[in-house]
Structures are given as structure tokens and as C-alpha cells.
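Chain nomenclature is as follows: A, B, C, D, E and F, assigned in order of appearance, with residue numbering initiated at 1 for each chain independently.
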């Protein structure tokens, strides 16, 4: 039941590097397309990160939730706004989403604690 | 392959009425909770409808997509913003979402055509 | 938005016959295993049909819902019991299940009307 | 590959408390609705816990499986009945459910061992 | 319960054209990436179409199944090979895949009948 | 974030033995059917393992991915072919598959390292 955001970041970075090393054109283009989808365009990037969070929550992927929560916090969404987005995911996706809400709240608290730590 | 937004609205209303008639307390409370999730709170209702749209698209439910597209259009999102949200759903959910994008674009066009018709 | 239980039965029977005709050993064994799963054993068949209904509802498959509703009605579950089972599916699976509840209530009404017709 | 029911309980309780602390009206109402869905009504609570178990298994959520297995054991379902319900989930959901069956059997054994321990 | 492969092709083409017309860079790049994924590379295109078919079947998308069945038939897979691939999808995905097998067998028969018609 | 293929194998074997011990006829028959689906028939077993891998990846099950990667490596698929198959899964299933690609690449590297170790 461990949820360590720093451990996730390290593993994610290491394995993304490994995947890029394999140098598969299709996979590399997909990763680029994925990044591009969250840049400012008709919708601003901040709104799109929230869309990414809710999509990740209803599809029940903790790693994706963690990634988008980090981006959402960077983009300036506050806790009440994140809870409100997660509530939409809960209503759409049902009680099967609840374990992922527990994970998400845990991650939010870790992200805020890190930021507090950096401030001091 | 028919996609008639008016036919969907009629069936949806008739069967929602039928479900309410069954008078099951849990089901009625769920329907209320579902409506409440899209009201203004920490996030405004307009943003939450867009979250509902993306959640519906990645979970690949045409009826839910139609419902949220209608709410999104009412809330004032324009076509480019809706396409941008659907693009996030496409990247998160993959090519399996494409048939639902075809459906969504069809519905968007019908909704705009209706509105044009009402204006004249 | 048509939902005609008799049309479903005819298509289902015709295509199941077509699949059996292909005479693929693995597929035939799977169909047998599927039938066997709902027979009386530690749990009685009546309870297992209700499990099949809820599994079909949270996995959002209308054809599977129709099949299990028919079996559930035959097994003697009344409407209030079926609504109660569908409510569990709704809470577990979320609002994305609602279009399938509309379908299920429609099918239940058709099944009861057929039975009334047969009685007279 | 660890599966420690006691560790799950502790984390679940701590994070549920944390979520309640956030005091989001929609989330709190959803948690209430979720609890209410398994109380005696047209169907008895014992049957509904089994429905919750099968829904959790086909949706492939280990935390939800653990929660419902605990409730099912409390409600008086014996091992053969639980295996029979899990078999329905396996046939409906396919081999992709097998890793969750391994988890479920592990949890069942832990729950029975705990109960034996408490008896002595 | 209609399954008309020609109707599907027409709607698919019309709406894909409509989507391209919207000229969203991300969506256009995704469509290109999707096409590229099935071209000969380390694996030949014929094998990759079969992978696309099985992925579509376990994700339970009839439009995707129809598209990949057409590509698989063009690539030279015979019926027994297609049934064998669908059997893998059935075992992995469970009985919830059965309605999509009925659809797939129907489409296979239509594709073969078309080809017979063209020969004469 | 640990991914230890040997730990997975041990747990998998222990719990499969435990499940067989329960001696449930339906479950035992399902396990047999599952094994049979990957044997040579119209399609050879090597191709079918690749189908199993892609099905596991789009359904996002790490344990199933590990199992099929091991079978695929035994069957003689090389890394570039496995990456190509995973790319199909990525395009079909979307960015939600990325965490499972990280897992898959990690497992592939462990499997190749083991084989190197055995050679020396």
C-alpha cells in the first residue's frame, strides 16, 4: 500500500529513458503527441491537465493520476478544485474509483508537503 | 449507424421517467448526486461539463457523450474548444476512442444546426 | 434507440448457430463452460444469474444484460429485486452505467408484458 | 506481490478519514450512498455483498475485492460459495481476471486464518 | 441488431472526412500515427492487423473489429485463422466478448460474400 | 514500483496451486481452456502468444503482460518485434497504456538478462 511520489518519479524517468533508447519511431512519436496534447491551444494547458486527471481517474490508473496531479499542482489548481474534479470522476466512474481517490488524496498531500519543504 | 440527437433525447427522457417511477431510493439519490456534481462549486459548472465529456469519451459511452456535448454547448464552449477536449480523450484513450469521436463530431454538428434553426 | 427483445433473441440465436457451425473446439468449449457457470452448485443458479446480471451491467454490455434479465425473470426474481441489483451495479460502476439502466428497465418491461400476453 | 489484509485495512481507514476531512459534500454523499447500497432492502444485504464482490472482480480492483470479501465472510458466505461466485466473474471477465482470483484466494485464506486465530 | 458493413464504411468515411476538415493538428497527427502502426516494420503488417483485431475484440468495439477484419481479410488471413484469433480474445476477455464474436462472424461472412460477388 | 519477475513467478505458482487445490470444476476447466488457446492450431502458438501480449497490454494487466512476455521470449520473438507489438497496443489503448509499457520494457530486460546469465 506504499505510495511514494519520489519513488514513482525515479522509476518513471528511468523507464521512459529506457523506452526512448529502444528508438522505436512509433513509440517516440506517440510520446511527443502525448506531450503536445496538454499545451495551450484552443483550451489552455491548465484546463487540459485537469481533463487528463479526470480521464486517468475514471480509467483507474494510479501512475497517470500521479503524473497529472503533479502537473495540475504546477499549473495552479488548488486542493478544493482538485477534489471537485475528482468528485466528477467518482460520480462518473462509481465506487470502483474510490481506491484511486485514496491514492490521489495521498499524492496531493505529498505534493503540498514537498512544496512547503521547498519554501522554507 | 444512425445518430439522431432528438431521438436520443426522447428515449432518454421517457426511460428516465420510467426509472423514477420505480421509486427506488438508492437510484433516485444517485440521479440527484449525478446532477449535483456538475453545479458551480470550487470549479464552475462549465469546466465540470467538459470534465464529464472527456470522462464519457475515454469510457466510450455515446449516450453520455451526447448528454455532455449538449450541456457543454449550452455552457458556451465553442467547437475548437470541444475538439481540443476530445483530442485529450483520444490521446489518453487511444484509437479505440475514434468511433466515438466520429459520433461526437456528428452530434456537435447536429447541435449547432439546431441552434441555427432556432435563430431564424 | 430501438430495444426489441424479440429481435435480439432472433439475431442471437442465428449468430450463435453460425458460430457453432464454424466448429472451433476452443470456442465450443467456452460456450459450454459459460452455460455451466450458471447451474446449481455451491450457489444456486438463481443467485448466479443475478451475479451475471450485475457483472454485465458494470461491464456495460446491453446484449449480456438482456440475456441475464431474461434468465433472472425465468428464475423468479421480481422487479424490486432486479432494481436493487441494478442499483448495486450503478453505485459500483457510476453514472456511465445509467444508459444501460435505461436499457435494462425497458427490457424488464418488455419481458413482463410478454409474460402477461402469454397468460391471457 | 505482497497481499497483507491488515495493511490494506489500515491504509484504507487512514485515507478514508483523510477524504472525509476534506469535507466535500458530493464525495461525502457518495460514500453514504455506497454504504446504503449494501443494506437489506428488496434483496438482503448478504446477497448484495456477493454482487459487490463479482462486480469488483470483473472490474479487476483488488482493494474492492478485499473489501467485499471481508463483508461476504462476515455475512456468512462459505468458501465454496465464494469460489462459485468468483467462477462466474472468471467466465464473464475472462483470463484477465485470473491475477485477481489469485489475490482473492490469498485474501480468503488470510480472513479465515484471522478468524481461527480469534477463536482460540 | 443490424450489421451492414457497407453502411459502416460510408458513415466511417463521411465522419473521418468531417474530422479532418476540423483541421485539429493533434487529431490529424493521431490519425497518421494510427495508420503507421500497421505498416511493415519489425513485424509485418499482416501480423499487426491481427493484433489490432484482437485488441479491438477484448476492448469490445464493433466498429474497430469491422475495420480490422476488413484489413485482415485483405492481408490474406483465412477464416480458420480469424476464428483462432477471436478465440484468444474470447478466452482473455471472457463471455462479455461473445456479442462481439457474433458481430465479427456476421462481418466475416459479409466480407467473404462481397468478395465472391466481385469475382463473378 | 518494484518489478521482480522471479517474485511474480513464485507468487503466481503458489497461488495457482492453491486455486487448483480448491478443486472447483468450472475454474479448473477455465484454466485448461486458457492453456489450450495458445497451442498450435490454425494459427501457430508463437503468433497466439503475441496476440495474448497485446490483449493483456490494452486491458492493462501487468501480471498478464509478464506471463505473455515470458512465453513470447520462449517462442522466439526478439525485442524489436515485441516493441512493435507493444506499439500497436499503445496506439489502440492510448497513453493510459504507458505505465504498462514501462513495466513491459523492465520485464523484457530482466528476461534477457536471465537468459544471458544462464548461457554463461
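We adopt the following convention: contacts are C-beta pairs under 8 Å (C-beta built on N, C-alpha and C of every residue); 3 or more make two chains touch, one makes a residue touch a chain.
Since the model is a prediction, treat every value here as computed from it, not as a measurement.
The chain with its Cα centre farthest from the Cα centre of chain E is D.
The pairing of chain A with chain F is characterised as different-residue: of all residue numbers used at this interface, under half are used by both copies. For the pair chain C and chain F, the distance between mean C-alpha positions equals 32 Å. Averaging C-alpha coordinates per chain places the centre of chain A 38 Å away from that of chain C. A straight line joining the Cα centres of chain C and chain D is 24 Å long. Centre to centre, using the average C-alpha position, chain D and chain F are separated by 27 Å.
Residue numbers of chain F whose C-beta contacts span two or more other chains: 26, 30, 33-34, 37, 41, 55-56, 58-59, 64, 80, 83-84, 87, 90-93, 95-96. By the touch rule above, chain E contacts chain B in their complex via residues 7-8, 10-12, 15-16, 18-19, 22, 24, 26-27, 30-31, 34, 55-56, 59, 61, 63-64.
Note for the complex: chain A touches chain B at residues 33-34, 37-38, 41-43, 47-48, 50-52, 54-56, 58-59, 64, 78, 80-81, 83-85, 87-89, 91-93. Considering their complex, residues 58, 90-97 of chain B touch chain F. Within the complex formed with chain A, the chain E residues making contact are 25-26, 29-30, 33, 36-37, 41.
Across the interface of their complex, chain C is touched by residues 1, 60, 79-80, 83-84, 86-87, 90-91, 95-96, 98-99, 101-103, 105-106, 109 of chain E.
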